[in-house]
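Note that subunit A is present in both complexes that follow, paired respectively with subunit B and with subunit C.
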Partner chain A sequence: MLNLFLFVGLPYMAFIVCTVGIVYRYRRKGFTVSSLSSQFLEGKELFWGSVPFHIGILVVFFGHLTTFLVPRATLAWNSIPVRLLILEVTAFTFGLTVLIGLAALMYRRFTTPRVRAVTTGMDIVLEGLLLAQVVFGLWIALGYRWGASWFASDLSPYLWSLVKLSPETTAVFALPWVIKAHIVGAFTIVLIIPFTRLIHFFVAPLNYIARPYQQVIWNWDRRAIRDPGTAWSPTQPRNN
Partner chain B sequence: MGSRSGHFLVAGVGVAMFLTASIPGRAFAQDGETIFNGTCKACHTIGGGRLVGPDLAGVSTRQSEAWLIAFIQHSQTVIASGDSDAVALAAEYPGISMPDWPLSDDQVRGVLAYIQQQESAGPAPVAAGAASLQPGDPVLGRNLFQGTTRFDNGGPACNSCHDVTHEDVIGGGILAKDLTTVFTRLGGPGVRAIVGSPPFPVMQRAFQSRPLTDQEVGALVAFLEQADAEQSLHQPLDYGLGLLVTGLGSAVILLGLYSLIWRRRRRGPVNRAVFDRQVRST
Partner chain C sequence: MDVRSQISMVFHLDKCIGCHTCSIACKNIWTDRKGAEYMWWNNVETKPGTGYPSKWENQDIYKGGWEKDGDGIQLKGAGKAKGLGNIFHNPHLPVIDDYYEPFTYKYLNLIESPAGDDQPTARPISMITGEPMDIKMGPNWDDDLSGSPDYARNDPNLENLTPAERDAMFDLERMAFFYLPRICNHCLNPACVASCPSGAIYKRGEDGIVLINQSVCRGWRMCVTACPYKKAYYNWSTGKSEKCILCYPRIEAGHAPACMHSCVGRIRYLGVLLYDADQIERAASADDTEVVGRQMDMILDPFDPDVIAAAKANGVADSTIDAAQKSPVFRFVKTWKLALPLHPEFRTLPMLFYVPPLLPVMASVKSVDNSTQAEKMNETAKYWPDNWLYDTTTKSMFGTIDDARFPLQYMANLFSAGDTKEVADRLKKLMAVRLHRRQVTVGDVQPEAVAAALESTDLTPQTADDIYYLTSLAKFDDRFVIPAAHREQAIELMEFAGDVKGNTGFGFKAGTAKRGP
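This part shows the complex of A and B:
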């Protein structure tokens, strides 16, 4: 019964709560749909946390997504041993940078008074959950290799069976507990998206990533700010 | 989290409980014969003699129904409890452990009824896939094992989950058992039966609707026999250690690369320069 709840009930609950929660939060509390940047409060340590974490998690996330979407293509890729090794080493490397980045972010959050002052309870819950998730992920990569292949053979069919509303769980129930915990952790993260800073995935417009840099310009040189050539300079403004 | 958000969570839990309770036991909606063929047949015969595990003819007269239900559902737990019959069975089949089967009491009773029915019908043929086949090609088997030759029906390569000590294949997966000594442990017919008709849920799902051909089964069995016999001659690389070391090294390089790409980044708070200027200007 517990297995059924975790691998059938929880995923559906997570997606329903996530969808309804995001719509509710966007309509009722639109100004909170943000990751609430703390770059103004502390910037030096942020770089060593945010950059490795975000790049790493994007690579790892899209790797999982690709294997879920095109399992046969993944198996075909893995059929050449060198390609399997390249895939696994790449995924493991970016997974490690996620761990390094997350550890740096957590250290910064707990040791910088200015950041601690804006930390919410859900920030701590989320970071704890992410830490467990990435540790389990790395553990699986090393301790139950080669995940890229068995994910395509066993977990992709399971996830598709959920999408088709016809859950097939026998194989998932038989997996080691670390892998089960990683799956449950993933659904839990989806579940809490609307209640945490993870809502920033859905910040509209979605061209957020590709937008021009925001420039914070201190109007120091009164003459320079009257020069129309400085206003939209793509590099460091001359008046700052 | 606001109170309304809390309501969403409560409603979600309700939906999840409903969904959990309303899942019909799809995997379990099978009768004794179907369960026997999908779960037991790879390792057991009914009157056909010992295969990977014991011949099940007369099993209901050897053990009580309650014992059989407990053992089929949780064999390792029963062995660990010190039950003398279970311990004797484990000693008779060293290195082989029967998986726990997620079957209900009634489903196990269905399987036992099917076994009794088959006993009265006479000895059954040996398990599917265990019939005598032409000796396979170990080189083809090696290529199939590590995926350089794909299975005709598109199944995943064996090394996704299994390792084998052999220098000509890359280190295999460690999700499932190491197969280096599988030939010694299970014998030829046992290996052939399991490869041809996998009884383990994870392997079953991976090859569901993508079964191996007889030629592929024969080739894999030949490769595993060869690997077992030649294991002392092979000293393959440690791929687990390689993955760890390469990953750590690559992560360090990646961090250096980030530092280089963002070398013009601000190294302090955005407003530090502003404060500094104010200090200078006073």
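This part shows the complex of A and C:
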């Protein structure tokens, strides 16, 4: 029963809460949608935390995403041992990068009074959750080889079955508890995205790449000012 | 010709007494909030000095503004590649210690301390952490401290001054300083707008005020780096950037901005300039020596029929054109050519202009032999090594400008990208006006000499009187010519005001474009 909740109920709940939560927060509390940077209060230690953490987690996240989206291609890639090894070593390296970065960030947060002043309870919950998630991930990579292959053959079908609304849970129920914890941790993180600073990656400034540098906004249509002669006319003004 | 209107400002530095009333007016209205305690959208600096944040003019440290890149320009420390590349950690972001850590005092100690042998004290506590702290810096920490080794000698504008010139500036008893009030320049080529990854910063088309949309800002902080004047500030509590809004709610209601309204020395002028937006790129990418001239070329004559026609075709309101014709800023900047932008070499085309200060320049100090004079003095006075003469005579006309105790190069580094001629021209005009008025009111100057001075600076007695009037006697409405904001046009974009005319209060609701039928 617990298994059913964790691997069927929780993922759907996480998805729904995350979607509704993000839309709600963006529309109703748009002012809070950011990561509340603390670099202005402490800029040096942040470098050794923020940069490895972000780069590492992006690589690891997209690695997981790729394996989920194209399991067959991943398996085909892994069919040659050297390529599998390259993939695993790369993933593990960036996993370690995340761990180092996160540890540096947490150390900074707990030891810098100024950063503590802008820390919320949710920040600490999130950092704890992420830390557990990274530690479990590295543990799995070391202890249950080779994740890149069995993720593609066992977990990817399970996740796709969730997407197709007909959950196939046999394979997941049989997994060791560490892997189960890692999966539950992932769904929990998705669940709490709208309530944490994690929401900032939904507003990643990608549109900056395409837009012109300067922005001018006109409050009214300057090329179609209303003709003063029409002030009393019953028709709509030209700029309407 | 793409004619646009810009609300711009002139600060007359000869009149600034450094009272900081402007800063307080601004602080009380806008930045007396959590996270904004350290911000001074308007601040007044003592020059020479390091300013706020410390050494803000040194772009080797802060990487603000634009730099030449071949024929064009690029942002020095931000932009698409650099900004997004540094999105996880911006190496050029100033931290709060570059400004100062905001503090208050634990006043309750004075009341609640138990009786004892010692006086209770109100310890300083940080407004960020709430913990006791040692105050290292505060607002106006270097106020009036010119000449001090920590501040004045670290002024970035001392670059390319000779050691002799520097020593002369800081010689005790010869030392001079002036005040430099600063607000956002509401630039024509704003680096903050260009650097904003979220696209939250924009320039208002109607009046050129640069604003940050607080609901779109995601706190990437690139504007703080990009603004070479360090006039975009990061609110550490809300996680958003904030900046001077030129009191736009006041401007739209026809009031002068708070800093200008409250200015005790009446140094501030505000009015409309019409400019040609097609020339922005040409001016911003000019060589250092040409950037001032090209910026001046962009500013159009509001009396020129062609300009008026182009402005009307571009939707500039008649009332705005009228305000441009009455604009005190246009007269200072273009007609009389008395004002210059601050650090034009940052290439943001700032629209706040300064009349450079004549006062520290006007007198010169000469070395003289006072030994015979000293012989006559009593024993104590003899030991005063008084071998200089503070010379304020106007006999030599412009002699004192070239021979100033305040090197022209210093002024040029501030106001004309190092070109001393631009600054000298303006100072000579100011001097000629003084000579002219001296002749009118006191009459102890040779009329021929005054006439020669006026002629050499392209002034007529009438113009000199106009300058004198706008400088010294101008009334409130002469100093602030604020065009109507025409927000009614904005309303009519959304609904037809005629629909509800005569209906208000009676419950009839006609359909509007926004609400539907």
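Assorted remarks:
Just so it is clear, the second predicted complex is superposed on the first by the 203 of 240 C-alpha atoms of A that agree within 3 Å, B and C clash if a C-alpha of one lies under 4 Å from a C-alpha of the other, contacts with A are read in each partner's own complex, and residues count from 1 in each chain.
Criterion: contacts are C-beta pairs under 8 Å (C-beta built on N, C-alpha and C of every residue); 3 or more make two chains touch, one makes a residue touch a chain.
Predicted, not measured: the structure shown is a model, and the values here were computed from it.
Legend: residue contacts after superposition of the two complexes on their common chain; A:Leu41 is shown touching both subunit B and subunit C. Once chain A of one complex is fitted onto chain A of the other, the partner contacts of A:Glu168 are limited to subunit B, with no touch recorded for subunit C.
When the two structures are aligned on the shared chain, A:Val23 is found in touch with neither subunit B nor subunit C.
After overlaying the two complexes on the shared chain, residue contacts for A:His200 are found with subunit C alone; subunit B is out of touch. Applying the stated contact rule after C-alpha superposition, one finds that A:Ser50 touches subunit C and leaves subunit B untouched.
In the overlay built on the shared chain, the residue A:Ala117 is in contact with subunit C alone; subunit B does not reach it. Once the two complexes are overlaid on the shared chain, A:Leu65 sits clear of subunit B and of subunit C alike.
More subunit A residues lie in contact with B than with the other chain of the pair subunit B and subunit C.
When the two complexes are overlaid on their common chain A, residue A:Ala141 makes contact with subunit B while staying clear of subunit C. Judged by the document's definition of touching, subunit A residues 39-43, 47, 51, 55, 216, 218, 220, 240 lie at the interface with subunit B and also at the interface with subunit C.
Residues of subunit B touching subunit A in their complex: 1, 4-5, 8-9, 11-13, 15-17, 19-20, 23, 26-27, 99, 102, 146-148, 150, 154-157, 159-161, 169-175, 200-202, 204-206, 208, 239-240, 243-244, 246-248, 250-251, 254-255, 258, 262, 265-271, 273-274, 277. Contact residues on subunit A toward subunit B in their complex (touch as defined above): 1, 4-5, 8-10, 12-14, 16-17, 20-21, 24-25, 28, 39-44, 47-48, 51-52, 55, 72, 75-76, 78-81, 84-85, 88-90, 92-97, 100, 122, 141-147, 149-150, 152-154, 157-158, 166-171, 173-176, 191, 194-195, 216, 218, 220, 240.
Within the complex formed with subunit C, the subunit A residues making contact are 30-31, 33-43, 46-47, 50-51, 53-55, 113-114, 116-118, 200, 203, 205, 207-209, 211, 213-226, 234, 236-237, 239-240. The touching residues of subunit C, when paired with subunit A in their complex, are 79-80, 83-84, 87-91, 93-96, 126, 128-131, 189-190, 193-194, 196-199, 201-206, 214-215, 217-221, 224, 234, 236-240, 314-317, 486-487, 489-490, 492-493, 496, 498, 513.
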